[in-house]
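The structure follows.
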Amino acid sequence: MSFLELASQNLVSPMVLFFALGLAAALARSDLSIPEAVAKTIALYLMMSIGFKGGVEVAKSGITTLMLLVMLAGVLLSFIIPVIGFFALRAVSRLSAVDAAAIAAHYGSISIVTFVAATEAVRGLGLPFEGFLVAVAAVMETPAILSALLLARRAQPAGQTQGEGESAGALIREVGLNSSVVMLVGSFFIGWATGAKGLAMIAPFIVDPFRGVLCLFLLDMGLVAGRGMREGARHLSPPVLAFGILMPLFSAAVAALLILPLGLSVGGAAVFITLAASASYIAVPAAMRLALPEAKPAIYLTLSLGVTFPFNLALGIPLYLAIAQRVGL
Amino acid sequence: MSFLELASQNLVSPMVLFFALGLAAALARSDLSIPEAVAKTIALYLMMSIGFKGGVEVAKSGITTLMLLVMLAGVLLSFIIPVIGFFALRAVSRLSAVDAAAIAAHYGSISIVTFVAATEAVRGLGLPFEGFLVAVAAVMETPAILSALLLARRAQPAGQTQGEGESAGALIREVGLNSSVVMLVGSFFIGWATGAKGLAMIAPFIVDPFRGVLCLFLLDMGLVAGRGMREGARHLSPPVLAFGILMPLFSAAVAALLILPLGLSVGGAAVFITLAASASYIAVPAAMRLALPEAKPAIYLTLSLGVTFPFNLALGIPLYLAIAQRVGL
Amino acid sequence: MSFLELASQNLVSPMVLFFALGLAAALARSDLSIPEAVAKTIALYLMMSIGFKGGVEVAKSGITTLMLLVMLAGVLLSFIIPVIGFFALRAVSRLSAVDAAAIAAHYGSISIVTFVAATEAVRGLGLPFEGFLVAVAAVMETPAILSALLLARRAQPAGQTQGEGESAGALIREVGLNSSVVMLVGSFFIGWATGAKGLAMIAPFIVDPFRGVLCLFLLDMGLVAGRGMREGARHLSPPVLAFGILMPLFSAAVAALLILPLGLSVGGAAVFITLAASASYIAVPAAMRLALPEAKPAIYLTLSLGVTFPFNLALGIPLYLAIAQRVGL
Amino acid sequence: MVQTHLKKRIEIILEAPALHRLTDRLNQAGVTGYTIVPVLAGRGRDGSWSAEGLAGDAGRLVMIISIVDAAKADDVLERVYTLLARQIGIVTVSDVQVIRADHF
Amino acid sequence: MVQTHLKKRIEIILEAPALHRLTDRLNQAGVTGYTIVPVLAGRGRDGSWSAEGLAGDAGRLVMIISIVDAAKADDVLERVYTLLARQIGIVTVSDVQVIRADHF
Amino acid sequence: MVQTHLKKRIEIILEAPALHRLTDRLNQAGVTGYTIVPVLAGRGRDGSWSAEGLAGDAGRLVMIISIVDAAKADDVLERVYTLLARQIGIVTVSDVQVIRADHF
């Protein structure tokens, strides 16, 4: 299928439309909102579901060399993308080193909902994809944070860029134990341990309603993104805005090259490229408030959730699918 | 089926019984309660589900003259019922003009859960009904508010019945963008756009568990209604109480006459009559706190949720079904 | 099946593993948590589901002598276990009379999640069990509280062990109307009244996703239990800790003897024994804060949720199943 | 200048199961109103607690704010104090100004 | 000793549907910020209410806290007062010390 | 008359991810307790925010109330201040009376 066909099909999926509804409602200042307690729980539900299903897949296939190689590629990308992003931002914008490092960290890490949207698109085309990609997503969450910390420190005296008394080790531990990572990895191992039998027991909860719940969560993300756009837009200069679109494309290209020799399936390649192109909006922002509190959250939150996420959801994913048709098997 | 058969069948449905359980628990001062965050989310879920399903139906049937005529009839009723209700209340009770207008507004607008209960009852009898009735419900939500505002202003100098600096336009805009309308209308259009294919994707979330979720919500409404009865009963004089039962019956009769020539199905007629007979308890109360803050919420909330809603749920719906068997095709 | 087979099969079920995940996350100080509003709602959902399903079973079988006898046995156990527990605690530990009475009350009452876990284990083996056991669970909730009150009063002058102006009657009424009892008993009667037809309507909500929801709730209980262990461990002396394991075993033995002559099925016997062996962690703690506020919650909450619950979940249930294979029919 | 009147603001942090006992006492003391605010977590002499994940009331706290007439404050405090002597919680009092004295 | 500055703490308990009207007024009065806290339940002259189970905004209250300069307090109070004359709610003012005077 | 004792009420509004850093500091300063209250939304110099719909901690605030001995207040404030110099949030101090002085 061509990019245009993929894109137009993607744009009329209920998921993308519910996101658009949320966006529109927020921009029109409707009082529509999802309570925080429910938004948190849906996020955990999504992690539980994709973690578990990924684990069940790995229980079927076992640990393969391909899996280890792709995980390695993921970790590498998570480390490198922030470095590239940082220097790009410093070159084209007037952002401070700390702001540039904080933004860059988001792009090295991943967005689990973008991941899910990609898997849904891939499934919608009837393509299979490797179950271990959930594990790849998990290992890509945190290296980017380390990268960004090093970049920020290089640029500034250590005492200023880090909470007094907080060692980088304590920080990494805190980040590594954040709720999304624990839920994703924990469910992955439970899925692995209980396999198809375990899946059969809880599939009516974690599999069947999954897409519908995802629609509700995307509505919520649209609402939050729209609110962010309204409040945060004035913090984004044109070069920073452009970064929010071009950086994912660049990351996608690098990811495509990196996995070209590995032999992922077309579906798997699309998902992996999407991971690389996606930007975190839950784990990394929280980590940045601790690691680089001087960085302005209005910039990185708005850019990641208000620019890159909608772009990936609407146009990025079909594009990455089109790319994957060239690099996947 | 006769009214008695319909009523007795209706009274032993899980939905009505869970509402009764909530009512009984609240009156017995049990500490049973549904957290606010969950109640809000379930309300949104119900809107999402019925909006989407309605949209899918319209995608199948297309826009018809019947649809437009019934929508027109709905808007008309939503405008007129408050006027009748207002003068009736002024004639039989000692309520102030502002209180009477505020109450009347609730009866011109609609209750989406009463709507849903009617559709379930109709489905339970194996009767089909027109999918566009969701759109009719949506357009009936707000005209009643305008009507009530005009009535209150006619009775009082403008300066007093309206927030200083708040134009009626701003208010209508705020009301038109309230969360229930946005969710209902948004999901309707998404259902329309994605059709049966979209429905298939999210049916395990929005269709299959729908009735069970409705039971939980009705339990919650029973709890809130019971609390309202306990707290609010002393605010209701006998004529006002009687209004809470007789007004829906009157509205039902008017609605039945109005659609007699249009040729709705029996199921559709029952649902339309129920819409006319139902009273709002979410959108209109909030609008009244802004538009007519002098009106006492203890009166209109208690009357709508503690009197009219239970009456419609238990006896009204089977009655409207019996009426519809005469006016529907 | 032998105990070892039963135990090892039980330990790799998704339910037990999600509980373990929660426990591990809390002990590792992860910030993973389920919002309070959601935890409360899931607890209500579980009550709704098991109450309703139990009622439907009783609608099928009718009220039998066996049912009445087992309910009687349950009430008896709920009264007696606290007495035994109280004297055991006073004999082996240095706990005050009030603390000992409060702890003992938890063990006479029941844990509905332990009950559910037992029914799942029983179902996993393809064994049937009597539907009326839900009613037995309900009647076992409160007698233990009365027992504990009497024990505490015997030990102390009345004025001190009870809120001034609060009669024991008022307290029992409050406890009897607590949300879990109302939801469980109310759903039971609704299930009874609407029978298989009612069940068919809401099964996609209360039956199909049940196990998955249970996994999420067990994750939450693991988190709360782990937090309790971290905070409360220092309040538990070795004899009290031992009580948390030995008391359930003792209760199980008494329960097994008591029902030996009654002729429950193997599945039913396992469930009944589990009820006796389980300790309350929702209804009784709240009642103790009112009835015996001098008793330290850190002790009884930690013991019930941090020691007895995990023990029962992991090892107790397979053991009770093994016992039931000897006493059941 | 807006005319204001001196009142007492009583702030109580109390374990949730005892909430009804407290509001009964406040009502008996003749306070004209109170407002209940949720509490997420806390730490006291007995260690820390958190409402997160709790399905029951035990182990959870709430905060109650009541604006009372200075003349009534002592009576209210005494009643609250006898309750807090047995339940988990704390109480503080401070001065506040209100606009409509008749409301309180 | 930490250098502190005197400010006024305005605490408003208001029905939720009127929240935007209040924050509009606060903004017009030039306050530098405010914070909104959820409210679970309460009792006043009009009886008791509870947010539990409510799917809509009507019948629910919220609490708004705003730290303002003493010089601005009167203006803020007057604007709040004209709103509260028509909506359900109460307002109290008290003295507080802050560290960074420039923040408020 | 009920015998009361003067204490300081420290009220901190802070971004949620830094909560542990704050409570660590409070504990180091030797406060006997604190209570954490949820916050729904707010506005400050950096614009408005709302917790609604947020699945993560970033962008959300919480309120921490600690009743401390007047003698300790300065130390607590200094520690809190150095944290707030880098994180988003504000702190205020006010006088309150408590009944059981030994509790704090």
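Letters A, B, C, D, E and F mark the chains in the order given here, with residues in each chain numbered from 1 onward.
In the analysis below, a residue touches a chain if its C-beta (ideal position, glycine included) is under 8 Å from a C-beta of that chain, and two chains touch if they have at least 3 such contacts.
These numbers come from a predicted model, not from an experiment.
> So which chains count as neighbours of both subunit C and subunit F?
Under the touch definition, subunit C and subunit F have A, D as mutual neighbours.
> Quick one: superpose subunit D on subunit F by CA and send over the rotation angle as a multiple of 5°.
120
> Roughly how far is subunit B from subunit C, centre to centre by C-alpha average, rounded to an integer in Å?
Each chain reduced to its C-alpha mean, subunit B and subunit C end up 41 Å apart.
> I'd like to verify one number: the distance from the centre of subunit C to the centre of subunit D, where each centre is the average of its C-alpha atoms, in whole angstrom.
Roughly 33 Å separates the two chain centres.
> State, to the nearest whole Å, the distance from the C-alpha centre of subunit C to the C-alpha centre of subunit E.
44
> Between subunit D and subunit E, tell me the centre distance in angstrom, where each centre is the average of that chain's C-alpha atoms.
18
> Hey, what residues on subunit D touch two or more of the other chains?
In subunit D, 37-38, 57, 94-95 touch at least two other chains.
> Which residues belonging to subunit A are in contact with no fewer than two other chains?
Where subunit A meets two or more other chains at a single residue, that happens at 31, 33-38, 40, 208-209.
> Should the pattern of chain-chain touching be classed as line, ring, star, complete or other?
It is other, because the touches fit no line, ring, star or complete pattern.
> Pairs of chains that touch, anyone?
All touching pairs, sorted by chain label, are A-B, A-C, A-F, B-C, B-E, C-D, D-E, D-F, E-F.
> Enumerate the contact residues on subunit E facing subunit D in the complex.
Interface residues on subunit E, with respect to subunit D: 11, 13, 37-45, 61, 63, 74, 77-78, 81, 84, 90-95.
> Spell out the residues on subunit C that touch subunit D in their complex, using ranges where they run on.
Residues 33-36, 39-40, 42-43, 163-164, 166, 217, 220-221, 223-224, 227, 231-232, 281-283, 285-290, 293-294, 296-298, 301.
> Can you tell me which positions in subunit D touch subunit E when the two form their complex?
Within the complex, subunit D contacts subunit E at residues 1-2, 4, 7, 9, 23, 27, 32-38, 62, 67, 94-100, 103-104.
> Mind listing the subunit A positions that touch subunit B in their complex?
12-14, 17-18, 21, 24-25, 28-38, 208-213, 215-216
> Please name which positions on subunit D make contact with subunit C in the complex.
Going through subunit D, the ones touching subunit C are 15, 17-18, 21, 46-60, 82, 86-88.
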